[in-house]
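Presented below are the structures under discussion, each in the form of structure tokens.
Both complexes shown next keep subunit A, but they swap its partner, so subunit B is in the first and subunit C is in the second.
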Partner chain A sequence: MHYLSLFFDYIKIYMKTKLTYRSDLWIEIVSDLLFQGLNLLFILVVFMHTDLLGDWTRDEMIFIYGYFMVPYGLFTAFFNMWNFTERYIIKGEMDRVLTRPVHNLFQLVLENIDPSSLFGALSGVVIMVYAGTQLGLDWAWYDPLVLVLLVLSSMMVYFGVYVSLIAIGFFTDSQTGILPLVWNLQNYGRYPVDIYNRVIRFSLTWVLPFAFVGVHPASYFLKKGEWQLYAFLTPLMGVAFFLLALWIWNVGVNRYRGAGS
Partner chain B sequence: MFSLPAYLEMVRMKFLMMLAYRVNYYSGILVYAINIGAYYFLWQAIYGDNQTMQGFTVAQMTTYIAVGWMARAFYFNNLDREIANEIRDGSVAIQMIRPYSYLMSKMMQGFGEGLFRILLFSTPGMVLVSLLLPVDLPTDWRVWPVFLLMLAFSFLINSQINILVGLFAFFVENNAGMMSMKRILVDLCSGLIVPLTFFPTWASSVLEWLPFQAITYLPASVFVGRVTGSAVWEVLLLQFVWFVVLLIPIWLVWQRARRRLFVQGG
Partner chain C sequence: MDAIRVHRLRKEFQVQQNREGLGGALRDLFDRRYNQVVAVDDISFAIPQGEICGYIGENGAGKSTTIKMLTGILVPTSGEITVNGHVPHKEREQFVREIGVVFGQRSQLWWDIGVIESFRLLRKVYRVPEQAFNERLNELVERLQLGDLLTRPVRKLSLGQRMRCELTAALLHNPKILFLDEPTIGLDILVKSEIRDFLLQINKRYGTTILLTTHDLQDIEALCSRVVMLDDGRIIYDGGLDELKRDWGKGKELLIQFGQPCSPERLRALTADLSVTWEAVNEFTLKAWIPLEQANLTEVLGRVMTLAEIRDLRVLEPNTDDIVKEIYQTGAGKHV
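Entry: the complex of A and B
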């Protein structure tokens, strides 16, 4: 309960900061949506010249993309620590975080919430509904529940990958540049993995499991035979990566010594 | 131009600074290679059984992706973010009273970074990629010097756009959204993600009137041999024209910006 009330307090703080820079908030939201729109444009442009990508149709690709946007939008709303090493380790802000009464990771998440990303998730839902109607998918009564479960699992995969990566900051304070690079890689999860060769397919499934934030869970709804098995693996992967990240994080925090100055 | 040695020193310092953060660069090479690989597979799947699409053969497409991304490794910089940060934390004021041109110094730092990237990143990266993927390097030696010259213009034009976007921090205080928007626009409109000829006619005719194509599409088209003969000089001229044209808005914004600088906090 205490955590929950803190959460709402931080939302209030967020609203106040955003209302100070009102025009920037809108630019942020618009640029977010534009980014998603441009990715969609790539799919549309490519399918002007071909009917099938591998054995996936245009609407299937759009559906996968719509799904991809939902966990991503939700995740970035609660996780916005891309400059963690710089801000918390090098500048030593982590000292302050550690003195707070809640768990340090929770405190960090609270300080960096960014609900404006929720617009992205919302438009993802719209895109999924659109593509789903085009495809004539039939939804069972339990499918919305499955969707919630899969989206939560995909968020945990994101959490697992990115929390592990920012925890690198505890082990080395030099800029590794790995975060923006992995961020680039995650975009490949929104394309069917069977178009890649075996090494990449393997990495996207088991090493940096970005196939589980897009194509794998989405294929559950597309009823794509063999890929459905992977859809059911999504929750397992989510939990596994989530726990792994928490462990790495806690080991990292124990190594934290504070900045020099 | 009185302080050329000072500018050269900035290039050198930035180059050395980049050397100091080498880990950044190792992971960078790896991920650019993976990026190229992923787009290679994506385009393979798009081509399917087709041998040519929109005038690009499969081999040309592969080369286009490889050279496009490696060119990006060279021309990419964060001048926009650096300028915006300096405006926001007020250190731009100190820089402006120094006896050199602020924008010129930024450009030089960008160049130092670019020099580092082309020598230690793009070149080995291109060698690596041409070993791994069926990339067709130009056989005509004359293509190479022209391509290098065009790359220099890619860098200049991209940096100009970055500076312009960075300077908007003078007017809006927080232009982070604008900067990410710009990055997406450059990647898409420059033809890095999709070559311009793949766009619907109306879109590609709009893009032909924008500076972005001069960043990736034009040099890469020369490199893969889609533009040959005297047409090469035309695209080079086009790059040059954009370079000159872009100086105007930068100059105008800079004039206005200097007058309305206010430093928050500090």
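Entry: the complex of A and C
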């Protein structure tokens, strides 16, 4: 409860600082949407040359992409710690965080909120609805609830992967190039995994489980028989990765060495 | 009850050793060498509640490392710490609610947002009730004259203004223990003395235990009854400031102004058996250094008075600066 009210207090203040740099905010939103639009265009271009990719149709792909944008947008809005090692470990700002009576990771998340990414999530919903009607999907009354559950699970998968990777900073004390690498890999999660070869398919499901932020949960709504099992696995994977990441993080914090004097 | 108790506390760091040159850097890539550096070497001390304790030492002596362990930021390699009944790094979130921290070199406030908003956010973070918060804030704002700073963002404040805000931020939740790491660094004399007065007042009124590190020995003289001195990770002195002066201040300096011109030679002859050294400041004024082991003040003054009329006399207390310098130069001091 306390954490929830803190969450809103932080958001209020950070919205305020963001809004003082108004032009920045608009540029961020527009460039974000442009980037997503370009990705969507890519899918459309591919399907101008073929009707099926694997056994997936164009509208199904677009639906998956729409789903992908929702947890992605929400996650990047509430988790923006790409400069964590630089700012908090090398410059030692972690000192400040550790002397406050709120869990340090929660504080870090709050301090790095970037609400402009929420627009991406919103457009994801629009795309899903559009592709869904094109496909003639029928929604049961509980499907919106399932959507919320799956989106939350996908966010936990993101959280698990990135918090674990960022925690590496505690062990190395310096920047590692692994973050942008993984960041690029996550884009593969928005295409059906059966179009890849077996090694990649396995990795995207179990190692860096980015299939669970896109294609797997989305296939629940597409009612794609064999893939539905994976959709139900999403919450489990989310919780597992979330807990694993928290554990790695807490071990890492105890190795924090601070900077300078 | 002791506010802080430390027993055989130790912190080691692994420091990467870089080889020289580009070739060395390439070798480092595959084969790294590490050096074990002991930053804090088995220190033990206890600070009773309500005391202001100065923690001094040269750069790299391990002061900040100790403070960071006491505040729960760093995890000690070995040894025990109890601060306010908690083990800092184990019950971090519980523990930090009752302490205040100011690092002179690093801001505790949010850079981009207004001072008052930082304070309001801290109220939520520390769960201070609204009314208690307002009373406390008003008191601090009045005492530290923050009135017109409150609406400005932290990044637009001068160092002195920022430090006053940092102190306020650290005290909003009425902590029992206040840790200050070089709180007066880079400040002008006016702000320094204002902050010293303020700390004394807080200590008197609320019984707040204060542990501060500093390079400015005037801070120590103005504030501390107790000094812990650190060198190379070890405690080389732990005790009262007065005893420090008595044990290490080996003599007294005397400034005497005579009614008529006086040469140092005549005075030297007069006090030859007392090994007092004389030095002329000008024609009328002389400076004497009296080693306390061999002579006492009355003896010297008695003899001098027979010689000439004394217009003015000043006894210069041994200066903490000099004492500290001497302790470091003689190296070990007395190990505690």
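The criterion applied here is as follows: the second predicted complex is superposed on the first by the 259 of 261 C-alpha atoms of A that agree within 3 Å, B and C clash if a C-alpha of one lies under 4 Å from a C-alpha of the other, contacts with A are read in each partner's own complex, and residues count from 1 in each chain.
Methods note: a residue touches a chain if its C-beta (ideal position, glycine included) is under 8 Å from a C-beta of that chain, and two chains touch if they have at least 3 such contacts.
Treat the numbers as computed from the prediction; the structure is a model and nothing was measured.
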**OP:** Scan A:198 for contacts with subunit B and subunit C and give back first, second, both or neither.
**Re:** neither
Subject >> First, second, both or neither for A:34, with subunit B first and subunit C second >> reply: first
Subject >> Which of subunit B and subunit C A:9 touches, first, second, both or neither >> reply: second
**OP:** Quick one: classify A:258 as touching subunit B (first), subunit C (second), both or neither.
**Re:** second
Original post:
Given the touch rule stated above, what does A:22 touch, subunit B (first), subunit C (second), both, or neither?
Top reply: neither
Subject >> Residue contacts on subunit A - larger count, subunit B or subunit C >> reply: B
Original post:
Which of the residues in subunit A end up touching subunit B in this complex?
Top reply: 21, 23-24, 27-32, 34-35, 38, 41-42, 45-46, 48-50, 52-54, 172, 174-178, 181-182, 184-185, 188, 191, 195-197, 200
Subject >> Contacting residues of subunit C [partner subunit A, same complex] >> reply: 13, 59-60, 64, 68, 71-75, 89, 92-94, 96-97, 99, 101, 103, 105-108, 110, 112-113, 117, 120-121, 124-127
Original post:
Okay, in this complex, where on subunit A does subunit C touch?
Top reply: 2, 5-6, 9-10, 13, 16-17, 92-96, 98-104, 111, 254-258, 260-261
Subject >> Touching residues (chain side subunit B, partner subunit A) in the complex >> reply: 21, 23-25, 27-28, 30-31, 34-35, 37-38, 41-42, 44-48, 50, 53-54, 172-178, 180-181, 184-185, 188, 193-194, 198-200
